[in-house]
Amino acid sequence: MDKKINGKQKIKEEYSSTEMLACVASNTLEDRKSVFVGTGLPMIAAMLAKRTHAPNLLLFFEAGGIGPEIPVLPISVGDSRTFYMAIAASSMHDSMSMAQAGYIDYGFLGAAQIDKYGNINTTVIGPYEHPKTRLPGSGGANDVGTLCNKTIIIMRQDKNRFVEKVDFLTTPGYLDGYNSREKKGLPDGSGPYRVITQLGVFGFDEKSKKMKLVSLHPNVTIEMIKENSGFDIIIPKDVSITKPPSKDELKILKKIDPAGMVIGK
Amino acid sequence: MGYIHIQKFEIRQAVLKQLGLPYHNIDQYVIGKGFSYIMGKKPTIVNNDGIKPIFPKDLKGSGCANKVEVAYSFGHELRGLSPSSRRAVETGKCKVVGEISNAGYQWRFLAAMMGLPFIPTRVMLGTDTFNKSSAKVIKDPFSGKPICLLPACYPDVAVIHVPRCDKYGNAQIDGITVEDFELSRAARRLIITTEKIIEIKTIREEPYKTIIPYYLVDAVIEAPFGSHPCQMPYLYFFDEEHIAEWLSLSKTDEGVAQYLEKYVYGVDEFKDYLELIGGSKKLAQLKRIEKLEEPMSAPWIKKLMENKK
Amino acid sequence: MDKKINGKQKIKEEYSSTEMLACVASNTLEDRKSVFVGTGLPMIAAMLAKRTHAPNLLLFFEAGGIGPEIPVLPISVGDSRTFYMAIAASSMHDSMSMAQAGYIDYGFLGAAQIDKYGNINTTVIGPYEHPKTRLPGSGGANDVGTLCNKTIIIMRQDKNRFVEKVDFLTTPGYLDGYNSREKKGLPDGSGPYRVITQLGVFGFDEKSKKMKLVSLHPNVTIEMIKENSGFDIIIPKDVSITKPPSKDELKILKKIDPAGMVIGK
Amino acid sequence: MGYIHIQKFEIRQAVLKQLGLPYHNIDQYVIGKGFSYIMGKKPTIVNNDGIKPIFPKDLKGSGCANKVEVAYSFGHELRGLSPSSRRAVETGKCKVVGEISNAGYQWRFLAAMMGLPFIPTRVMLGTDTFNKSSAKVIKDPFSGKPICLLPACYPDVAVIHVPRCDKYGNAQIDGITVEDFELSRAARRLIITTEKIIEIKTIREEPYKTIIPYYLVDAVIEAPFGSHPCQMPYLYFFDEEHIAEWLSLSKTDEGVAQYLEKYVYGVDEFKDYLELIGGSKKLAQLKRIEKLEEPMSAPWIKKLMENKK
């Protein structure tokens, strides 16, 4: 991929945007923690983490697969690859109860729209009664966003997706900010932890719970971040540059997804 | 007709010839054009949830459901969204009468199984998903904090496909049970379709393997490969080529009609359907894929990736 | 056993009081119904019913044994004989949920004390804080008495056991009678169905829910019933005589309990 | 110390040397005079329920519990009532701080497992059992009728004996699970004692057999015959002769002391205890009884019948 950014020299990137997302997501996960994963990029990220810095990461799938040794990329959260050589092939009641009881550290979410408090829409674009576009709905998203201790959101960023107000609040972020999440009865201390887009990585202000920039991907400027958001993002003084995928990581990604099912070519 | 819940791995061709099957009357194997029977009945609400199957999920897109309560009902995971279901809702042909989360659905069945009016949960609080659901919020009398109450859901009919059961319906399941345990106990009528019928003696020898006991079951249907084009854990994988054909055809109403003509109305028996989708050669391949002896072949993945670019 | 009753001739009884209880309890059960059984007499009664008029009776044990083919008398509700060749060896959550959902037709209870509305005490004799005698407590009794559609109580009858007010209301009967059971939130239409004692069989008035005599055991008089109760029992005009154990039943009982573990000699 | 829940089939000699065992630190096999450790700790509340075991049920009668919440805690089913437990309560040595039903206990664990403040139920309503319990009644907001809410119960420690698990604690159970599934997920600390340790590979080959996964487990103790004098389904039966000895001795405080001296303080290792109760000959007999190859021998039954007369 060749790009000209900010008048700088053309830079030959040795990785795709999807590979970048997968690696950043992977690096967000810690060893000896548990993660609630869906298929697609979250699965790739979790598998990469397990093969690099987090070999003891425990995977939960909502349909009941727990701690599998994934042989090939699953295409569904109920796919038997999600409980291949697992430590338990259980039920949704079990997985979701474990999440609700606070056993699950990380959860992944996708989003069609997000607001500054990390509230997510995956239900409809347009008015609910006469939707312009009907999206998948909550599925397990509301559950993951409510119950996992730290939620990681992976999505594409632009003005139509980073919005002042989501068309439909499918999955709770910090609701109206500050302590409004806890006040509504959602688990203490849980909530969105990171938002990972093609441009950067975002976190949330500890007190106001407003979205703030954590790191810029290589060759991305703060202006680009602002241009691609419908709300103000807190820009701290010290913004780091996201660590790009290492050669090792890229090699492992190819092994995890040789056909490019998710990662692409 | 009221509420129909159709579960993962279910048989798409079979079923529902006779919904009022008496208790124990389970030697009547009903295999036929069940899909069209469902269509003929026009159930008012189809209660179909998340992770589940390919075709029943698209019931609404096939014109045989006019109201739905949805958790994850418009997507096919890595394969993308469902064109027919989205079209049905976006054009107003099918109305979404309620939103819920996957756990929410699961626990509504738990409440029903337990004979309770509701089950509390922490999910859904503070969202539009809650606002469009049948749940309520109360103040937990122990902590004083808000808590969400999910009302019990008793589907009128549920269909569950299992790897094996005896002729009375005592069923074992390998792998994850998703919500089979709770759903089978919540449904007013339960139809079991099975890869094979085994002796009751085998059931009794390892009674701890029984997930669904006979007294929950209204009918048993022996239907090898009955989960096609979906997966049966440890036996056969998704038929991604067939799923791709459906997803492609279902982009238009004409395509849907064409699909139904070919695979539903056009076949008399389930074995004819299995011939049509590729016969023993295809079925052997799906077995090999499930056993990791052969990589999956999935045209939709490439298309998906191209669309993304 | 030889007895002189009411001035009548001595009658040589060919069965014991326990055998009588077992047979009456057995005959109360219907075929193609389900029953929640404990160990002891209920177990004997259910096994007898299965081997006589109710071969398709479905047995539930609270610990999770469902539909077993009992090889020898279990001594505990968690004993593996309660799930020997069962159709399911499940859990207490499953059994109790089935009961709460209305799947279980009959339930058996014992009692240290009972009142006219069928309320039962198995917790303490004397004041709760300083009990004269500490009894087993609810165990599964409250569950059975609340959840099964028709409860069958097997107990010894005398003035200290048939009482105006139980020392402790462990398990609900009809509470204060009439519709008070439903008003408290207990399942509609459920409640005590029969009380079987060494003297007779009792039911409950449809409206007031007060205990009424259904049948007298052979050689028992209405006076004896009255003398052995601390409250008034409704005595209808037509009271039948309980069918005594048949020779066949007695023979089967011997087979079920050859050592006389429960039935005695 | 707070709440200890001791489960059916548990090992009576083992355990609890170190309650704060770190996660995963499960190669420390602790077999010893656990009973006395429990006694030394004087837990304030022992949460012991219904159907369960012979000795832990009588903890209070052994002087090592001064408060109990009870469902079925004073009886030994067909064997009769527990003399020591009754004496402890009747003399005021041990206080009953709460009553509950068996289902009530089970569902309090379900609430804890689900991370909920409470689970609704229809049991306990309208009774003194409810009045002496920790439950509350509310008006069900869906039907307007009263419903009972059982507060979650999180035992500080639970001990569960299983037929087999791997060294990480992934455990399979044959036969009924009673409340093991919910209890293992509710307990803050979980100690697994097992008939044998198997390879994790075996666990992974049939993952649907795992009832207790490793992340719930704080310690694993290999202890063949660890359930003695209770039963291990499919492996060995209750030792009714030993149970009779205890029931007889425990009629007096001196008898209890005598029993403890002989079988708890008097033995150094669990294998010495097994020798003391009859060694390999007795254990072989218990195996035969479980397999129905030999009738049960139970002195207490005869006594019970005599007492009844």
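Per-chain numbering from 1; labels A, B, C and D assigned in written order.
Here is the rule we use: contacts are C-beta pairs under 8 Å (C-beta built on N, C-alpha and C of every residue); 3 or more make two chains touch, one makes a residue touch a chain.
What you see is a predicted model; the values in this text were computed from it and never measured.
Chemist: Farthest from chain B by Cα centre, which chain is it? Let me know.
Modeler: C
Chemist: Where are there more C-beta contacts: B-C or A-B?
Modeler: A-B
Chemist: Just how far, in Å, is the C-alpha centre of chain D from the one of chain A?
Modeler: 43
Chemist: From the mean C-alpha coordinate of chain B to that of chain D, what's the distance rounded to whole Å?
Modeler: A distance of 40 Å separates the two centres.
Chemist: Report, in whole Å, the distance between the mean C-alpha point of chain A and the mean C-alpha point of chain B.
Modeler: Going by mean C-alpha positions, chain A sits 28 Å from chain B.
Chemist: At least two other chains touched by the same residue of chain A: list those residues.
Modeler: 83, 89-90, 99-100, 147, 187
Chemist: Which parts of chain B, given as residue numbers and ranges, touch two or more other chains?
Modeler: Answer for chain B, listing residues that touch two or more other chains: 115-116, 121-122, 140, 145, 147, 174-177, 207-208.
Chemist: Go ahead and list every pair of chains that touch.
Modeler: Once each pair is checked, the touching ones are A-B, A-D, B-C, B-D, C-D.
Chemist: So in the complex, the part of chain C that touches chain D is made up of which residues?
Modeler: By the definition above, chain C touches chain D via 38-40, 61-65, 71-72, 75-80, 82-83, 89-93, 96, 99-100, 119, 123, 128, 130-143, 146-147, 168-172, 175, 180-181, 184-187, 259-262, 264-265.
Chemist: Across the complex, what residues on chain D touch chain A?
Modeler: Those in contact with chain A are residues 112-116, 168, 170, 185, 200, 203-205, 207-208, 210, 213-215.
Chemist: Within the complex, which stretch of chain B touches chain A?
Modeler: Against chain A, the touching part of chain B is residues 8, 50-52, 70-75, 77-79, 81, 85-86, 89-90, 92, 96, 99-104, 106-107, 110, 121-129, 132, 137, 140, 145-148, 174-182, 231, 233-234, 237-238, 240, 290, 292, 295-296, 298, 301, 305, 308-309.
Chemist: Help me check something: in the complex, which residues belonging to chain C touch chain B?
Modeler: 34, 58, 66-69, 83, 85-90, 94, 97-103, 147, 187
Chemist: Show me the residue ranges of chain B that touch chain D in the complex, using the header's touch definition.
Modeler: 115-122, 136, 138, 140-143, 145, 147, 149, 151, 173-177, 207-208
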